[in-house]
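Okay, so here's the structure we're looking at.
Naming follows writing order (A, B, C and D), and every chain is counted from residue 1.
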Amino acid sequence: MSDELIGIIASILLQASPLIIAVCGETLTERVGVVNLSLDGSMLLSAMTGFIAAYKTGNLAFGFLMAAAVGAFFALIVALASIRLRQSQVAVGFVLTLLGDDLSAFLGQNFTRLPGPTVQKLAIPGLADIPILGPILFQQNLIVYFAILLTFATWWWLFKSRPGLRLRSVGERPEAAFARGVDVNRVRYLYTLIGGGLVGVAGAAYSLGVKIGWSEGHTRGLGWIALAIVIFGGWSPIRGALGAILFGATKALATVLQRTFPEVSVVAFNALPWLLMILVLLVVSSDITDRLIALSPRPMQRPLRRLLKVSPPKALGTELVEG
Amino acid sequence: MRIPPQLERIWPSMPVIGALLFTSVLLLLFGASPLESYAAMWEGAFGTQAKLLSVIAFWIPLVFSSAGLLLTFKAGLWNIGIEGQIILGSIGASWVALNVDAPSYLLIPLAILASMIAGALWAALTGLLKTRGGVHEIFGGLALNNLAIILTNFLISGPWQPPEGGTFRGTQPFQDGVLLPRFADSRFSPLSLVLLVVAYGLVVLALRNTFWGLKLKALGQNARSAFLLGVSSNREAVIAMMFCGALAGLGGGVRVLSWFDSLRQSISGGIGYLSLLVVMLAQFRLLWVPLIALFFSVVLNGSITLQLRTQLHSSLGGILTGITVLFMLLFGDAKRLGFNTLSEEDDDE
Amino acid sequence: APAATPEPAAEAEPFKFGLVLVGPRNDRGWSQAHYEGGLYVEENMPGAEMILFELLNPADKPEATLEGVVDDMVADGAKLIFTTSDEFEEDTLGVAEKYPGITFINVSGDDALTGEAPANLGNIMGRMEDMKAVAGCAAALATQTGHIGYLGPLINFETRRLTASAYLGARYCYENYRELNADDLEFTVTWIGFWFNIPGVTLDPTEVTTNFFDTGVDVVMSGIDTTEGIDVAGQRAAADEVVWAVPYDFEGACETAPFICLGVPYFNWGPAYLETAAAVNDGSWKQSWDWNPPYWEDLTDNSRTAAGWVNGEGLAAELQAHLNDFISGLASGDINVWSGPINLQDGSEYIAAGAVASDSEIWYLPQLLEGMEGPSE
Amino acid sequence: MRVELNNIRKSFGSVHANDGISMTLESGRVYGLLGQNGAGKSTLMKILAGYQSADSGEIRLNETLTQFDSPAAALRAGIGMLYQDPLDFPPFSVLENFQLGRREGIFLDQKTASRELLALGKRYNFDVDLDERISNLSPGERQQLELIRLLAGGANVLILDEPTTGISSEQKQQLFDSIRKLAREENKTVILVSHKLSEVQELCDHVFVLREGQLAGKSEIPCPMDKLVKLMFAKMPPRSKRPAYKFGQAVLDVRDLHVETYRLRTENLNFSVRAGEVLGLAGLEGSGQDLLIKALAGLLTPKSGEVLLRGEDITRRPFHQRQRAGIAYVASGRLEEGLIADLSLVEHMVLSTEKPGFLVNWERAGEATQDRIAKYQVVGQPASRAKQLSGGNQQRFLFAMLKPALKLILMEHPTRGLDIRSANWIWDLLNKRRDEDTAIIFYSADLDEVIERSDRIAAFSGGVMSRMVNAAETSVDELGHLIGGQQ
């Protein structure tokens, strides 16, 4: 593998890392049945908060902490509105999306494009020297390591731990989970908040490490992308992480293609990520895929369906009907 | 707990009052006087005839798309793609403006028709993605919004660029014949107001008194049952989207044909998202929609003067409108907060 | 008009002028440069007072129009209004007709040149082409990999000629000071699609710059309004990579990562704005289309130059010497990077050997040049 | 364990679901809990099982006053409930489902759990595949699994809410055997909630009867049927008569039909149904009868074969065209499938009108609805919302919306959850339809209903349709064999 390719892959991983963190967070939230649609606004506001907090104190950890708090606060509003007030999660999430955008622009207006502290690369001794894998995986910064660990930790927590089993049960059938002794609302609040906190961390990961600095609309659109990737990922963190990397790769591709095909309008390549988004969502949710799978040889059908199709947690977006 | 009746009467205005308080705190934090700021806002919206006309001119496309959203919301659809539908409407009108040569009395209807068709077709895409492809309208719509902006950029920097070369500024100004006649040198065109009144009346009629409106309502509440009761759920969903797209497109058309005089880089700039807020705040009370849209238009137009005076970021207007809707969702319904109220009946229309 | 009673203290007489920005006043790029220009007027002209309006663009403010903003400015007493983007060209024409008693300056437009403008509308622009050549030279002097990346905004005549100037400057210095074959110099242009990043609509300049460095580029030159290029370069340098950046537009743009900044070609609007304001104030202003040159004696003299170049900390001392040679060559006219032979990107001859490109040949450059990699339209 | 319920009260708004109920249950016995729809059976049991809390009243276990805040707490105290619709998790594996709710640390102890589950399976004679998904199990298997889980959780009092609704007679026997064994050998207290008198007679030692939220009476078993019926209904419900009927010509012909989803396929379907005939389909849930009904309704596209309606090929016609051609489909879900909770009855009526015109005349529609609900004795006003009707009235209203002169009515579980009186009423309506030459095809999990209401019956097993049997000549036993896949 050429050094160039290794470099490009390493950069894609870096660019994808905040997205992976956000996807893990939202996956947790949606797995308990709550849709936190506010991601785009929440990420902007936490990117702004994280940057200012770190800029003012010079302390990166404090920046991340404040960002997580902002993300969790937005998530708390969504959770309160849907669990306690029985409001539409989509409505509240959408309003928060717009609000987060405007608030971040307003509150961050005096901190535009300032040079601030950034997360630095930290090669892992020993591992960093492995050919190919070393530069891709182990000569990165803490954000990348966190994203990778978080992906596997979330996966393990969801599918291999007892709290994870309870978590999933709430998203599948809250009334049955209640009958098994799970405090449904508490679990919902808990993971909505944790998920929101991770979204906040993702925002700060942008302003402090991946798209450094703050400017109005700094991460606009990426929250929506994360929400779409959660679906594409079939509510599984590992698949979601792969989705985030795929998205990063498409964007890198758009840059490269411009040089390869100078005769095509520059604008056209900018459409690529959005076309990809429609396409993958079509593949995972369309009946057409079902019909195509049905045409394949029978033994192939089950693995194909597992690969291509996803189904959401049954109670996603619903409220608990209490006894 | 029971809240006192005096409080209950003013409860519906709590969100607005709360939002004003919230923004006041923000203003104080940034060293501006809230009273002066709101006065500047007032002046910016009503200070002169020109300002008032500008408020109305901005209000018209906002009500067009809000009216469209009444249809899709009724059908249970989250038409976030409305922003793209507005943009496509303006592209449709621009196509006529740039390519058709005809007298004004033909050109204007043609441009308006083209804007409606373009908006409707773009909306149909979201609808088909949902009904045939299972892609949730929020995501289909969002992707199409961005694609619509990218398409505009492609057009103004490529095929429709002005003769002196594309700069992303916009196309060259349209021929005069296609521009809507404007009132007193403003951007407000009385013709668009007439169209708006007619369109809004039709939407109200459709929702209240037609079989189609009933089908949308059924679809919005329970698609499966509606289907079994004989409603062609997929078809009605796509049709609702298309009518909404047509209205939004018309709004976009009005924007290029009277607010601007050419296709610009960002023709809508969030009017669609704003109309989603309008309809959410109105909660299906049909007559409230135009009033709330007017309130929003006043706030936003007023915040231009506010910005000029206080040098504070203009997102303040967006914050004020967003917080109002959020507070309404959170605190607007005293019953949900666990208070007892006098009136127990629920008002849906 | 009412017969004016003579004011006693002419010195303190207030003079209000408006400044309309397309971006935020603190973008460390195009808009901030204008904002500093406005501040310069306030500082140097007694009684001058700026009325600022930033972020006037339909994406940020669908409800705002230049007309509405100008109405407010005039109502608040502005006598002179600068509209600082070619985005505002059309609308400035409109308000100039509406307010014949107010003077308007549209920056980077050409209505005063073409004769479309009414008598109260003028244009100002700084001559950036030569500064871009200087910037290109600095990049060529520094590059170790022989590969320069140019972060382009959108494609039009202005951006093509600026990019081409940078390339020609780079070629000249690569050949004459580095004594390497200029044909070996790689120069890649990637256009993001707009003057600044619009998420989801343009390419993300952060990612484009990252990609440059991943593909062998070690100097990134910026042609966009904002500072992502140098931000990323600084981040990479902190991880011990050998990279440099040349930002654009604003004198202070090196600040995010001074150590790897080779220098910045910048606009200095202050003197032109001051001159205009003074002329409007004493009634001597006349319509003109000003394409203001750099002050060659001292490119960092902000009281004189319209387009400047300031060396960055990243430019090593011996390279600075070469660069100074190059600058004095340009100043004296000994060096003209626009002398033939120059071929267009498709290989056709544009400027014959021995000939020198005219102003209009430079202004209306139809394509990028042979040797530059990247789309021309 | 001795269970005492004292003066339990619970109301939902103005409905007194439980209006001061007291009873005492001893260990080692099987109790029946009888009552018509809405009598308050489930509510009482949910209170006992900690799923709902009573407004007032007390629960004593072995003389100690107890209060549960959750079903899990009740189970810890030894009370476990098997809900009518098993509260398990379809996408989970059998093992995961079993582990959920057990008290363990952070780590899932797969080894212990699987050992325990396999041992229990062996003890109660039940094959367990740990990795199978719950959604792939039959309702009977899911019940067994829940039962095992409750027992593993230490349940001494077992409440079974209508456990025989979705299962075959063989599975029913197996279940009853286990219940007897649990009571006799392991000294557990078992409560069987049901409206089926025969089941109670067969299994129970004692019976309590509820009526309108109150205890109407109790009795030892055996006890004369008439007495139980009187307790349940206050007066005897009229037995609906099945008028003899002469069938007309074939309404529906099905030829070589092949329907398939990725879970199941059913093929070689060949039969016809004549005007006025009632065809009953028997079989475990999800054995293919549902595919057939959906294919006939136009909700599933067949792979191959033909469906003829009065000789006309309708195989590829979509649902709505078939509706217009005279096929009605009544799904089992009521408020999920068929009615719209927040719409008024007039609005429903207008929606189901064939050619309503562009503008709606609300006044006329209101009058028409008034007529219709009077005729079908629906308790409600034209302006009432569907969700305000009771279950039985919702079902009646669904039938009230059926158009006149239908060719074919397709139904899933037409009387699921209804008591005998409401069920009789519905079938009387349906039987009248036969005079209009309407054919009826339905399936039901209740074998008695299938035998009693059909003219001919076909059973489904794993997607295979059995031969047709004549309802008058068949027995539950024969059907049981057919459902088991034996011809």
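Keep in mind that, in the parts below, a residue touches a chain if its C-beta (ideal position, glycine included) is under 8 Å from a C-beta of that chain, and two chains touch if they have at least 3 such contacts.
Note that this is a predicted model, so its numbers are computed, not measured.
S.K.: Between B-C and B-D, which chain pair shares more contacting C-beta pairs?
M.R.: Contact tally favours B-C.
S.K.: If I average the Cα coordinates per chain and compare with the overall Cα mean, which chain comes out closest?
M.R.: A
S.K.: Using Cα averages as centroids, what's the distance between chain B and chain C in whole Å?
M.R.: 37
S.K.: Please tell me the distance, in whole Å, between the geometric centres of chain B and chain D computed from their C-alpha atoms.
M.R.: 48
S.K.: State, to the nearest whole Å, the distance from the C-alpha centre of chain A to the C-alpha centre of chain D.
M.R.: About 42 Å separates the centre of chain A from that of chain D.
S.K.: Chain A to chain B: how many Å between their CA centres?
M.R.: The computed centroid separation for chain A versus chain B comes out at 29 Å.
S.K.: Considering chain A alone, which of its residues make contact with at least two other chains?
M.R.: 109, 221, 267, 270, 274
S.K.: Note the residues in chain C that touch 2 or more other chains, in rising order.
M.R.: 55, 60, 154-155, 193, 198, 200-201
S.K.: Enumerate the residues of chain D that touch no fewer than two other chains.
M.R.: In chain D, no residue touches two or more other chains.
S.K.: Give every touching pair of chains, nothing left out.
M.R.: All touching pairs, sorted by chain label, are A-B, A-C, A-D, B-C, B-D.
S.K.: For chain B, which residues count as touching chain D in their complex?
M.R.: 209-212, 214-215, 217-218, 221-222, 224-232
S.K.: Considering only the defined contacts, which chain A positions touch chain C in the complex?
M.R.: 4, 7-8, 10-11, 14-15, 109-110, 112-113, 115, 118, 120-121, 210-213, 215-222, 251-252, 254-256, 258-259, 262-264, 266-267, 269-270, 273-274
S.K.: So in the complex, the part of chain D that touches chain B is made up of which residues?
M.R.: 319-320, 323, 329, 331, 335-343, 347-348, 350-352, 356-360, 362, 401
S.K.: Show me the residue ranges of chain D that touch chain A in the complex, using the header's touch definition.
M.R.: 46, 51-52, 70-73, 75, 81, 83, 87-92, 96, 99-101, 104-108, 262
S.K.: Spell out the residues on chain C that touch chain B in their complex, using ranges where they run on.
M.R.: Touch list, chain C to chain B: 51-53, 55, 57-65, 68-69, 71-73, 75-76, 86-87, 89-90, 154-158, 193-195, 198, 200-201.
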